[in-house]
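In the part that follows, the structures are each spelled out as structure tokens.
Consider the two complexes below, in which chain A is the common component and chain B and chain C are the respective partners.
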Partner chain A sequence: MSETTRQFESAFQSLVNDAQWTPAWLKDLRQTSFEQFAQAGLPSRQIEAWKYTSTRSLNESPFALGHASAIDAETLAARSVAGASRVVFINGIFNAALSELPTDVSITDIREALDTDREMVMPCMSAEDDSLVSLNQAFFSSGVLIKVNKNVTVAKPIQLLFLQDAQSETVLISPRNIIFVEAGAQAQIIESHFGDTKNFTNAVTDVFVKDNAVCQYVLERVLGSETKYVSRHSFHLARDARIETFNLALGGRLNRSQLEFRLNAPGASAKLDGLYIARGDNHIDNVTEVLHLAPHTSSAQLYKGILEDKSRGVFNGKITIVKDAQHVDAQQLNKNLLMSREAEVDSRPQLIIDANDVKCSHGATIGQLDEQELFYLQSRAISLEDAKRMLAKAFIGDVVGRVSGNHFTKHLQDVLQSFGGGAQ
Partner chain B sequence: MLNIENLHVRVEEKEVLKGLNLHIKAGEVHAIMGPNGSGKSTLSKVIAGHPEYTVTSGSITYDVNFRPKNILDMQPDERARNGLFLAFQYPIEIPGIPNLEFLRAAFNAVCKHQGVDPMEHKAFDAFVREKAKLLEIDSSFLDRELNVDLSGGEKKRNEILQMAVLNPRLALLDETDSGLDVDSLRIVSEGVNKLKTDDNAIVMITHYHRILNYIKPDFVHVLADGRIVRSGDVSLALEIEERGYDWLLN
Partner chain C sequence: MTDNTNAQALASREYKFGFVSDVETEEFPRGLDEDIVRRISAIKNEPEFVLEFRLKAYRHWLTMKEPTWALVDYPQIDFQAIQYYSAPKNKGDGPKSLQDIDPELLATFNRLGIPLGEQQRITGVAVDIVFDSVSLGTTHQAELEKYGIIFCSLSEAIQNHPELVKKYLGKVVPYKDNYYATLNSAVFTDGSFCYIPKGVRCPLDLSTYFRINAAGTGQFERTLLVADEGSYVSYLEGCTAPQRDENQLHAAVVELIAMDDAQIKYSTVQNWYAGNSEGKGGIYNFVTKRGLCQGKNSRISWTQVEAGSAITWKYPSCILQGDGSRGEFYSVALTNNKMQADTGTKMIHIGKNTRSRIISKGISAEQSSNTYRGQVKIMASAEGARNHSQCDSLLVGDQCSANTFPYIEVKNNSAVIEHEATTSKISTEQIFYLKSRGLEEEQAIGLLLNGFCKEVFKELPLEFSVEAVKLLEMKLEGSVG
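What follows is the complex of A and B.
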């Protein structure tokens, strides 16, 4: 076992020997996955997708398992999306009392689902070459299987709300979610991670959007300066399926998402919007990978970031269009605003095209606040600080506007407001 | 109210103002004329506090609470909060900031400075719409992004709307007349005249005599090669209209 994986060893032993968390039928999967993880270790910067992001902050102290805990009503209300059903997890453990489950959708605890819906869940349980997915599979103790039946339009958005109580320290939280939006169905899912602790969240989610189904998926992670988070999401799109994602990252010592979109059949389309704001020593890394595997598929992506203080941002966006995937329309744009001289961002938009009749565009910009605009605002009595704030807000205005008119809109404004700084 | 003594200003390595003197009292209207490149716009930007300009010697004092204060130590926003206003020759377009929100932020910054509670949204809305009417500005204009996609004339009107909202003690109008058609010039000038009182002052920077038919100056100055080379009353402007600047430069 390598140095970097030892931090997880003792927590794993407690978990695997606890019958409540590791029923007999789960033991093998956990063991195998942990061995895979131990062999591969945490991702190193030699790996292309991790070139600008270090996992060093995960080596500082051993991780423990989370304990069930409560959270005050005020915090819960502030984190909840009004008008949404919610499934609440605290320190990675499901909290039935705080949850308000929907009535028109089947939601099952993921460990239970491994037993009851084995044929649906097991195909997702392959770690491939991603050691963090192996780590998640070794540890997952929370998360859900959501089944939205054929032609059902889910009345309310469903919020998967992952909270951490302030007392928890260096806890490993391993959510595993699998979501099926069956043919012709429509659903809105909001996966929220809030934490201001030294905890480490390692989340894995698979979303299957079947023929002619529509899924809106919000991923938000609002983290404190010591909080660590990595995740991998895979969206599998069938014929004429549509996914609309909004990916919000605020703060975090290590705040990394990796979103993969597999457009498997003609007519599938994906919308990828993202907003990230880092300050202090925050490090935010967003990886998107769009795979156009069939003709007549489309994707449009806009990620915008504000980097303040000494923070670091990374955007790694890859679009692949395979041979024979003709008539694909793929667009990608990443724009960054550096608010200080010490802030840094690395933006890598990449296109890999093996088809010859496609429409593609991609680009990245990195800029600073415009001196003339600042002077104009200041000449109208507005302080330099307020002028910067107004211009930063204007910079992200279009991407924020993409979520207008739904349940998440007000929540997003509140979250940005309380995060403060350039986000207000 | 504003006293400029022996002002020398550099932009990058070039000296643009070379010993300029100007004295403005409350209740006065001054016009500053001069050929291209004489330093007119530099003067207005230096007074407003643009960071690109370096004052190498001389002073600018401005009365704050009835006492002359060296404004070169003040940030542009602090100057503005104390009643200085510059109507830009080329107003800046800022996508993503709605005009009304911008006006409210500016107005509230002044309120805060004066120790007054900010105006409620609704009351402010009505207040701004009243001012907009004065300048014959359509109120849909207020919901648009700041100066984005406005015509040259609309931008200039928007500048004077900002002036009307902030009610400055000293307004510098930098070529507010350029690019205005006859009707817009009349509307803008009438707007400025309505804002004029015995307690405030106006400095118009212009190439043309035209605006002086609408806003009557008490003093006309000719700025050439970084200095004021001649001061007089409105008859000086008429003379320039007839004879050009050459006779003043030699």
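What follows is the complex of A and C.
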């Protein structure tokens, strides 16, 4: 056991020794995964993908398992997307009473699914070289398996709502979601994480979008200044499948998402939009990896960030086009606005291209608010603060405008409003 | 569209600088230990401080590991199989003037198109010639002396101007810098030294020509260029090597220092032997080049045309320390056959209102791999810094790869940074259009390439610019279609 993984040890022991969370047949998987994690340790900054992000904040105190808890109706309403079905988790534990499950989709608890849908779920549980995925695999106790059947258009968006309630200990929350959108089906999923605690969420999600299916996926994290969150999402796209993602990151001591898109067959396309706003000493790290594994695939990404105070934002975007994946169109753009002297941003847009008949471009900009624009607004009797806010709002306007689905648009406005700061 | 016979013609095309000169040489045995380092120092009759610098570097090198992060693939280098010193044997006490140089050597440089003899000098260019481990001679020295410019080999500078060398050696690239720079610090054999005094605008383009000739050697030269206040110099560098089946290591260090208001323009046309079409042989070009804009409003610009070497691993960088200083990087990197290039730049902004510009054009053909890797770092102190980077890649053929890895780190909100990159192939529509206007396909491609690289070529001094265009056209002949 390395020094960096010691703080997970006691929580792990209580988890494996509890038959409710660890049935006998699950014990092996958990044990092996934990050993793999212990061997590798938390990712260090020596690893290229973690160059700008430190996991030091995870070493501060030992982690405990979450307890079931309640949340008041007002908070729940503020965080739910109106008009959506919802699956509510509090401190990582499923809460049936607060959930409103849809009728046209099959949703199963992930541990149950390991038993009932073994052949679907087990292939996702593989040993990986990502130590945090191993950690999730050792600890996962919540999450869902969603199956959208062939040619079904799901009527309402499905919100996976992860809420947190302050406990005396620092809780480790390990959601594990697996989603199948079968051929010709359409679904909108909203994965929301809200928390203003010291907790650490380590989420892993796999989404399979089959032939001709369309999936809209929103990943939303609104975190307090002490809250830690890391996740890895893999989107597997089949022929003519389409995925549209919107990745919203607000706040967080450590707020890192890693989205991997595997465009496995011709015609697959991915849209990646992202918005991040950090302030105080928040640290937000966005990793996207688009793998064009087949010809005639396309991807477009736009990530925008506003960095205030002493915060730090990172964008790590990688587009890979493998040999023979001809006629690929891949675009990537990252724009950052630095609102304060001490804010920092590190942008790393990367292209790895092994095919020749492709159209590929990327861009990154880092700048500040235009002085002339600020002056103009002030000369029109708008205060400096208001002028800054207006320009910041305009800066993120296009990416916010790209979000489709009326249900979520309203929710997004509310969330930005209550987060406040430059983007109100 | 690719014409196979054309491609084959390209593959079998001769590297025109691939000949070996039969020159008697003085060599050290293969291998590296402290004794070799001391012997290099002794044979050059170096003062104590240089030996100390070498030994510190050598001892540090022993503790270092070879870097593996670059996107290049090659068998492990056996550093004990390399000869660290090889010099043409002097007749008598060594050449007192260019007339004393071995006629075989003069013939070699004539074949390379570099007339060494003063009588046939190229007007306006002073040349320092580095052959394997030593500098053979420098032209135009007398004329430059009139202006107080010191332009000579580093060994001569160590003998004649030790105070300057001591002051600046290792200042920009410290001996601990990186694996190959540290190795170079321990075993560097020669290179050019140039000092431009205050307020002098160097009337000639200065130039160094590097030639690896002996088999089994590595070339470790070190160039040190200091431009004092308000001075200007344009410096050119060219290189070739014989065609051999083994890989040879070239690990050079170039240090530039620009004081207040000084300007250095450093241009390279690199055409080391790149190996044959199976990727056998060729030079490993692992070079550390760095410029320090120490003074206010100083300016350093790197222009490079990288068309040779089996592997290129090179990041000419600028440290923009002085307020208002400027760094520029213009690069065309062409890879074909099985060549691998991982090249780019670093712009470190420290001073206020510093500006940098990066234009990188990568062309990859056949089975080659071409990577741009660059860093733009804006430190908290760099108020008002500005950077614009543009990296375009052109893919020729479906077996090659083009990668772009920019690192942008900004710690100051007054900075404005733009980075853009594109990757595409030569458009068949453009070729079609030009052909419909009566151009041959080859001409059309030449024209398009020229257009693609124009922003870089226009930064090159005239005679280099012509050479560079020809070099690219020749290298790509037959591989586009």
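In this text, the second predicted complex is superposed on the first by the 417 of 424 C-alpha atoms of A that agree within 3 Å, B and C clash if a C-alpha of one lies under 4 Å from a C-alpha of the other, contacts with A are read in each partner's own complex, and residues count from 1 in each chain.
Criterion: a contact is a pair of C-beta atoms (placed from the backbone, for glycine too) under 8 Å apart; a residue touches a chain by one contact, two chains touch by 3 or more.
Since the model is a prediction, treat every value here as computed from it, not as a measurement.
Touch criterion met: A:L338 reaches chain C, while chain B stays clear of it.
More residues of chain A lie in touch with C than with the remaining chain of the pair chain B and chain C.
Contact with chain B, but none with chain C, is seen for A:L391 once the two complexes are overlaid on the shared chain. Legend: residue contacts after superposition of the two complexes on their common chain; A:P102 is shown touching neither chain B nor chain C. In the superposed pair of complexes, A:I382 makes contact with chain B only, with no contact to chain C. By the touch criterion defined above, A:P349 lies against chain C but remains apart from chain B after alignment on the C-alpha atoms of chain A.
By the touch criterion defined above, A:Q372 reaches chain B but does not reach chain C. In the superposition on chain A, A:D357 makes contact with chain C only, not with chain B.
For chain B in complex with chain A, the residues that touch the partner chain are 48-52, 75-77, 79-81, 85-86, 88, 91-92, 94-97, 102, 105-106, 109-110, 113, 162, 166. Within the complex, the chain A residues that touch chain C are 48, 52, 323-324, 326, 336, 338-368.
Chain C contributes residues 69, 380, 393, 395-425 to its touches with chain A in the complex. By the touch rule above, chain A contacts chain B in their complex via residues 371-373, 375-384, 386-387, 390-391, 393-395, 397-398.
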